[in-house]
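Dropping the structures in below, format is structure tokens.
Each of the next two complexes has subunit A plus one other chain: subunit B in the first, subunit C in the second.
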Partner chain A sequence: MEQDWRRIDVDAYDPDQQYQPDPIDVPVYTLQALEPKLQQIRGLLSRGSALDSLRLAIDSPPYADEPSVKKQYLLGVLEVLNNIKQTEINGVIKQLTLDEIDVLIKFVYSLMALKEGQKSGGVLLGWFDKTIEAVGEGPVVRYLSDPLKL
Partner chain B sequence: MSQSLKPYLTAVRHSLNASLNLSNFSSQIVERHNYPEIESKKTKEVLLNPITIARNENEKILIEPSINSVRISIKIKQSDEIETILVDKFTGFLTKRAENFLILRRVPVEGYDISFLLTNYHNEVMMKNKLVDFIIEFMEDVDKEISEMKLFLNARARFVAEAYLSVFD
Partner chain C sequence: MSAPIEFNLSKEPIYDHCFSQDKQTVAITKENTVEIYNVASRAQPKLIATLSGHDKTVTALDINAKGQIVTCSQDRNALVWDKQHDGTYKPTLVLLRINRAATSVKWSPNGEKFAVASSARVIAVCYFEDENDWWISKHIKKPLKSTILSLDWHENNVLLAAGSTDGHVRVFSAYVKAVDKKPPPTVWGERLPFQTLCLDSNLRSWVYDVKFDPSYQFLAAVTQDGSIHFIYPGPGDQEVEGVFTVKNSTLPFKTLLFVNSG
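Take a look at the complex of A and B:
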């Protein structure tokens, strides 16, 4: 029984008014399917090819998944970003295409919203600043209206 | 520690520059009304993705943009109880005079210490780069002010304690 029937938001139940966001045409991965990819990313990182591991992580992130799956993926990306040295960052950024940089900025923002990412705030801020210096504020503007969220 | 301050502030500056592109948007729900969409949140299409920028777990900024308004919430560093009380009093002092501030929100967003609400009308009256400069300066100065207040508080407390307890010596 609703106690406060005067404050029911009637518009929310109106069938014509329901806001339907556009469907996202991205494949849904499960955590098991992502495990081999995350292992591969870690493997490439330990072998020293930081650029390749970052490229693989940027390749097709799980946009349409559960938040828990996305979090695991983001933690994997955080490992990669943490392990690339400060001096190498500029080199890596020069070799990424603009689309890849958009996804990189998306990773940085999503990581800063997580507790684990906030712990390595300095590293993430370093990545963010060097990228924006190189490329401009375009990726930020594109992030604001991006329907594919991590 | 202050090594990460400059990247933090430039990150906030870039994000604010990108989010402060505001244009007038009349309410689609009520005729002749004009709401800051980030506050009313009735029209989902005009809300943009929120941005969190964190220097560490205790200092972060949440920028919630929309088509005609941006809400900026700041969490100020509070390392002990005294600083918590000082920040509380300081932000309370500012928010009680929010009308004079124009862009200040009277109540901070849940989880943060102080919030600003910038609308397209503010953008028309004030220059965008100056608004961004103001927010960045505010962030820098608030930290300095809180440490200054804490130092003065400790100095005063020591003086008072000496004066009072010297009688019993």
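Take a look at the complex of A and C:
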């Protein structure tokens, strides 16, 4: 059987050439450990302090966790993003630092990949649009190149 | 700020360019060749030489103080071009022994050696061996994990900074016994046999360009995540004292240059 020898990945057979990416140096949370944080986020949201709720969600997200844990976290974030009115979005963005905005854009991208997020597609696109307008393409570039992904 | 001077020299992409010492001529890459233009008259650049020798796209070139040109290409070779009395250039092949394209080449400040960065996860440091009358390459391999995109020499002709797509900025010693004298100790390290790793900083995204500052005390690097980083070495072995990052709101920078030491 003639194999297409030009398309063989020679590097896969070379023990010297296996690329090991750098290890991710972030703590791994369990779902139980995240529960109180998610409760707090929901609590702040129901009390009307949407900005604080979002800030809490942005602070140390579970980058190193299992996809199922990440999904639960993202659904919590989705609740917050859905509950902030369109007119208030600009105000919220102005109050976040550049680092926080980077994480916010990561949330938006990861949520767009989830089915639940796609149902609120309009809201997510609104967040994305207004943020990039205010801040530039920096967060998008950083989302693409950051090894820490949600 | 004065208006930039524009030279329209090529319809093809220019991968790299270098001005001669006296800034009267400039060499640009053009697909598989290198073209040298006299730009003394800014309105009318004149083509004075074409260097053909590579089989694939020339990715980088550099000119040293003696006027020797080194070019490297995707054909995994480097050529050193010496100017002859009649104005033409004679190439000498350098066996780099790399199995992937070369990405960047830089002469050391004294023009005795040059380093070639490649996609083969190797930096080839090349020097001229008089007894055999050819250029020899020595490889820096560990711990490079991916393509090296940029190089910068320290003024002592021994230390070499490299930026790579594995997200790391590293400073190596490229000391070659046949060509170099032992350098005095610097903030980067003291005992420096070939391939010593003097600094390794993980910037987490592809490093496009790295440069020593004009006083050679720290490094600056630009990466794919759109930031500019400043890396300060510490007193200990391979110690990094601090990394300052300036995040940017535009698309990533590809090169950087120190304009003055102010």
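What to note about this one:
By our rule, the second predicted complex is superposed on the first by the 137 of 150 C-alpha atoms of A that agree within 3 Å, B and C clash if a C-alpha of one lies under 4 Å from a C-alpha of the other, contacts with A are read in each partner's own complex, and residues count from 1 in each chain.
The working rule: a residue touches a chain if its C-beta (ideal position, glycine included) is under 8 Å from a C-beta of that chain, and two chains touch if they have at least 3 such contacts.
Computed from a predicted model, the values in this text were never measured in an experiment.
In the superposition on chain A, contact is made by A:98 with subunit C only, not with subunit B.
With both structures placed on the common chain, the touch criterion links A:8 to neither subunit B nor subunit C. Contact comparison for subunit A: of subunit B and subunit C, B touches the greater number of residues. In the superposed model, A:125 lies in contact with subunit B only, and not with subunit C. By the touch criterion stated above, A:135 is placed in contact with subunit C alone, subunit B being left untouched. Contacts of A:33 after superposition on the shared chain: neither subunit B nor subunit C is touched. In the overlay built on the shared chain, the residue A:22 is in contact with subunit C alone; subunit B does not reach it.
Of the two partner chains placed around the shared chain by superposition, subunit B is the only one that A:149 touches, whereas subunit C remains out of contact. In the overlay built on the shared chain, the residue A:113 is in contact with subunit B alone; subunit C does not reach it.
In the three-chain superposition model, subunit A touches both subunit B and subunit C at residues 19, 21, 137, 141, 144-146.
For subunit A in complex with subunit C, the residues that touch the partner chain are 17, 19-22, 98-99, 102, 135-138, 141-142, 144-147. Residues 11, 19, 21, 109, 112-113, 115, 117-119, 121-122, 124-126, 128-129, 132, 137, 140-141, 143-146, 149 of subunit A are the ones touching subunit B in the complex. Those residues of subunit C whose C-beta lies close enough to touch subunit A in the complex are 121, 145-146, 166-167, 202, 204-206, 223-226, 247-252. Note for the complex: subunit B touches subunit A at residues 3-4, 7-8, 10-11, 14-15, 17-19, 21, 29, 44-45, 48-49, 51-57, 60, 65.
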